[in-house]
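Scroll down for the structure; my scribbles are underneath it.
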């Protein structure tokens, strides 16, 4: 499609490839991009209804995950998965964002276990799994509401914490603002953050960190 | 002073007496209130410079604490202090607010130990003192920045947590907004909150709870 | 369900049990939690449509109240109801939140009368029932719009006021922001607040207060 | 001064004369306006330090009130004062704004009693003076913090309530935002509002109402 | 309905009767109020779909206007309409709010002409009708977007201007915030404002002004 | 100074030269830039106190205007001034920003008359000078408070309106937010805006427009 | 339709004609305007569903573009298109707004090429087309998310940049706020901005600039 | 000092040591911490005036940098500096924050060159140094105003970008909000951010990344 200029060189230049953000694109635009793709491609924020509106052929070419709203064109990558990243997730409501991060990592060749439902209201759940988390080189922490998980984690592990505030919450935390400001204001140094619900961006940052690890 | 109508019946009616909020009053207005007082009186938000501008006589009558900006007219109350309340404080920067709460409790006859510098960046500091905190009937929790202390505490103790967000912070937490939204959005049920820096109000709420305990 | 780690010890540790916040969970996730429950369970923010999407068996096990969007698994608790809490409600539009509070109290064994439609635009309605309210040990006050009820109540009774701002309002009070800031800025000391529409949280705080009353 | 074009016809056209808002004008600009004035003139938001920086001659010509930061050039108006307006004020901290309203009314020939310190934390204070207030044709209500006074008053009297939220408050009510949103969201119909701390504007509106009362 | 306590004395006490705000009430609650009404009644914010959900009998009793979302129970009032109020409206998109104001005035016995589509982008449209507007005793001005109409009008007429910002707008004026801040910040004194889209409240204020005109 | 890299090619590339924004630079940094300058230079937001802190030699080289906080190094440009731009200013409090715009235009060789004190509260003042304004090719409109001037002007003239909202105002218009949202939400098409108090930026935009006029 | 007063003189007076903003108008209102039109007319923000609700006759008279939500009554204008304006667009998601601008320009007789998908994440895409852009007299730049395109462009070309922030984004950039604040805060002088998604307004400003170019 | 509990184990546990945030601490508190320190210590946000208020002895022990407001107790660390981090800075006004980052890195044993004044208004300045930047393993990017630098950089290099928005700006970017939202909304994946002006936090995150690089 003439209006869409894929930046195929992006991965070589920046370490992560261009993904197709589907939220504001029509089904026709998405089909056009998929049809013209010359290599593997990641699609994000592809709502279930929009996926259903794609042609059968297009859908057949995509590995779609409705929970994380991601799709992959071109199958799994080559080689055995790289390690070092992990996703820690406060509540089950945060799982869609956690999975977007894990799927983005997988697309780029990195395995990423999800440690789920370890919010701070019951600290013992986090403590039960803290050694597993301490083994990671980058921790993606996903939490909504007040986002206390970010600070607690940063006080316990050596790896950098990439916070992903989620839009899970209501009233003053509606839309994720409370969790975002918690990530930014953490009393524990070493927390960095990405935009609300941006599991994709957190994974890209983790990949960049891991790529420079060699 | 004719413009100031002290609500002397307030303590009998509501359990806590009227205090004089000095921040927007002139030194002359404050002196007038003190001179006309017919019983013990608590003054809050009395800045050190405004206190210094009061007459020698007026200052002589007041027990002034510059850190918490509180002053008491009429000396300590009668009887041995009542117990059940305590103040838990995330950082040393939060101490002025913690002391405002403790001094308000003391004015009303309640002893209130301050457990200081137990922020979540080093969880072991909180854990070292958790049994002491578990013995309280009301916990006033004072924290700025991201206010993660509120949720962590609420997941660990039975007593209600009265959160006091403080204005300690900068950038997105400047003025206390991040800590306030954390208190309101806590994933751990049983946290209630008062306005930013309102140690006085938290103490009044604690007194009301303890008064109804009998 | 493997992603959901119920904190069954929470009630013993904190005085209130873990509830299942249904708003961001799928019907499948909810069914899984209900099926795996080993004791009584409270579900909140369960919209009527999501309830309708549950299996017949699951629905049969739940006592569902569509107005408050709460459901209880496991029937009423044992023993005669404990007293001391009450819910005061400004307008009929605030009733869903008031009922969420009352149902949460009931789940934990506390009776809680609702005093409805006593907003300050017609003060006589509140005054007619003030003696009844003065007999309570904790007052949960539920109001939207400008939330003037919180301050008026706090000036009239000895019990602590747990304010629940509601999202009833439009324009500048849309979403509950005006009522929330009224609760936080009350000129009458002793008001504490929870998040907008958080009847559940207010009830949990009240339970913690009443539990420590012995 | 050539850059300042006084709208001398404004009073004839709109019922209220042009006033000189001094906050963003230099002492030199103010002197120039005063020197060139061909009739009586009201100056608002004239801080005490800026007044002190005016020439002796200029100051001699002005009747200055430091509390309300207003000054009048040209002495009291002719005739006996008109009645019908009154100013009701929640706390002593709100008096500067209340006086700005009363002085503006006086400049235009209207007497306006101030009913001070009748905030809703002690309702009996308001009730003691409610008959006096019911006799007014326009009520200017001045309150900071949560501004509950606006709704309570509007539920008790027939006259329109012109709310003036004040910047008295801290935390979430800092700068007057909470009181302003209370005025706008009042559950009691008939409240109108002006900008925060705008006692002058409230008085102008009251004058316009009274002028059309013929 | 037991939860709804109509304040039948409100009109005698405050000059305007209680109206039923339908937005957050169920059809069942509305029917119950209508069925129990012992005198004329005004219903506001009654959406067309909710009106359609009422019983045939209930609908038959109501004079419903879908544009303004208002309904009147009990027919037109007695006597010939009182004069003095008028509604000035910036654009056709603001008409629903303008009609809510006019219908509220009519319910209380006041005729109120609507001067429509006189926004300031074409000043000549306003100037063509300015003499008609100058004859009014209260001007209700209804405008969305930037709300420049409020200031322009206030500089041209003697009557008080009751501004009603509307939610017509997008981007920074979405929801009415820009028009509201214009009304509050007007450089022309004598503008008072009500909440966004609150045509009902503006009419109530106008009625209170006109009632005290005698 | 090694940390400061002047973009000397900017004027050739973009039509306007790089200016030195002094607000966050130390006096030492400013002196260093001035000493190293190889051609004419404009300095903006140079507060009077910071100017006073510069060396005598540096001050001697600068043509400083304290009202607009601008300074010019290198004297007036060559040739007779170009025409087409003008600055229209709502109130005398807005003059500092209007002068920043006019001084920036002059630095680049454009004459720009200032039409002052023509705010909409007295429309006749604007109408008296409207023909003069209609002759301009670009109108820079400077206004604080509610910024109604932007829309009124845009409805009257053919030239584009570059709005400069100013920080003149208090309460809801404090800092210029109300005027800015008015500029963005104008009902009259053809208004573009720059940041609050950014007279410099408005002038740069005007210069770019005039440069492409040939 | 009597409530709608078309300002037919607007184009002669201001350089751009009145357009019909359809978003808050009913289909009936729109039909009425179209039926009564005495010359060519532009309709904006006409959603596809609302267009479908118009009568067949009305739709037949309109040239409708669903992507930009614009419709033109009266066919293309006379004469060959004028040149000088162009639209530069960061991503394919911004195309609807870019097309609204281009269609508005076309309605007024100006050709405007769209340079699409040149966001700064891959600078080479912009650089490939920079000479084409440098030839324009006015650049309309359309971008959502963080809006970095505005500053980068303004540092590269001589023409004025009219920024159109779009509502493409989520989390902190939801609704366009981040792109808008980028446009206003640009470090590159000469950027002016219009409201979020206001392609129409940007085109009107460009037309005014080009009209004064003669 | 008994209220201050240094978390001496933090570096071993989390990779970065506890620093003393001086902004809300009194000179007495700071002296007490310094006197009690048993190892090297970093102090941040130590304003020049507060530093001057410390005792001569205390000042003698500290290596103080007034520009970055940092002080180091205990001299430079052992060993030759580690490499891999660098600080890229948009303007000279952002240097204090850039230096806070560089000094924090140095305290922990990492050399970090500062690439200054490469803001996007003159892209060639950045391009001149891009190869040097491409050699880094972590890039700390410091920018105020609209923060376009973050996205441009992220599109050009492989290393992760840790954005530090600064409070340099006015109007809509006052306090750093615009730069922060740009960092969060970047169209170029791989940008993570810390709080406004938090050079310390960015350095801590970089250290954590580099520590896991082995």
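Each chain carries a letter (A, B, C, D, E, F, G and H) given by its place in the written order, and its residues are counted from 1.
In this text, a residue touches a chain if its C-beta (ideal position, glycine included) is under 8 Å from a C-beta of that chain, and two chains touch if they have at least 3 such contacts.
What you are looking at is a predicted structure, and each value in this text was computed from that prediction instead of being measured.
Each step here moves to a touching chain, and the least such steps from chain G to chain H number 1.
Of all chains, the one whose CA centroid is most distant from that of chain A is D. The interface of B-H is repeated, with over half of its contact pairs matching by residue number, by F-H among F-H, G-H or A-H. Inter-chain spacing, taken between the CA centroids of chain A and chain D, is 55 Å.
Rounded to whole angstrom, the centroid-to-centroid distance between chain C and chain E, based on C-alpha atoms, equals 34 Å.
Inter-chain centre distance (chain F to chain G, centres taken as mean C-alpha positions): 27 Å. Residues of chain G found to touch two or more other chains are 10, 121-122, 154-156, 171-173, 180, 184-186, 188-189, 195-196.
Shown are all chain pairs that touch, namely A-B, A-C, A-G, A-H, B-C, B-D, B-H, C-D, C-E, D-E, D-F, E-F, E-G, F-G, F-H, G-H. The touching residues of chain C, when paired with chain E in their complex, are 92-93, 95, 116-118, 121-122, 124-125, 144, 168, 170-174.
Looking at the complex, you find that chain C touches chain A at residues 1-5, 7, 9-10, 18, 21, 23-25, 29, 45, 165, 167, 175-176, 180, 195-198. Interface residues of chain F facing chain G in the complex, by the touch rule stated above, are 10, 13-16, 19, 84, 137-138, 154-160, 162, 180, 184-186, 188-196, 200-202, 204-205, 207-209, 211-213.
Of all residues in chain H, only 90-91, 119-123, 145-148, 150-152, 154-156, 169, 171-173, 177-189 touch chain G in the complex they form.
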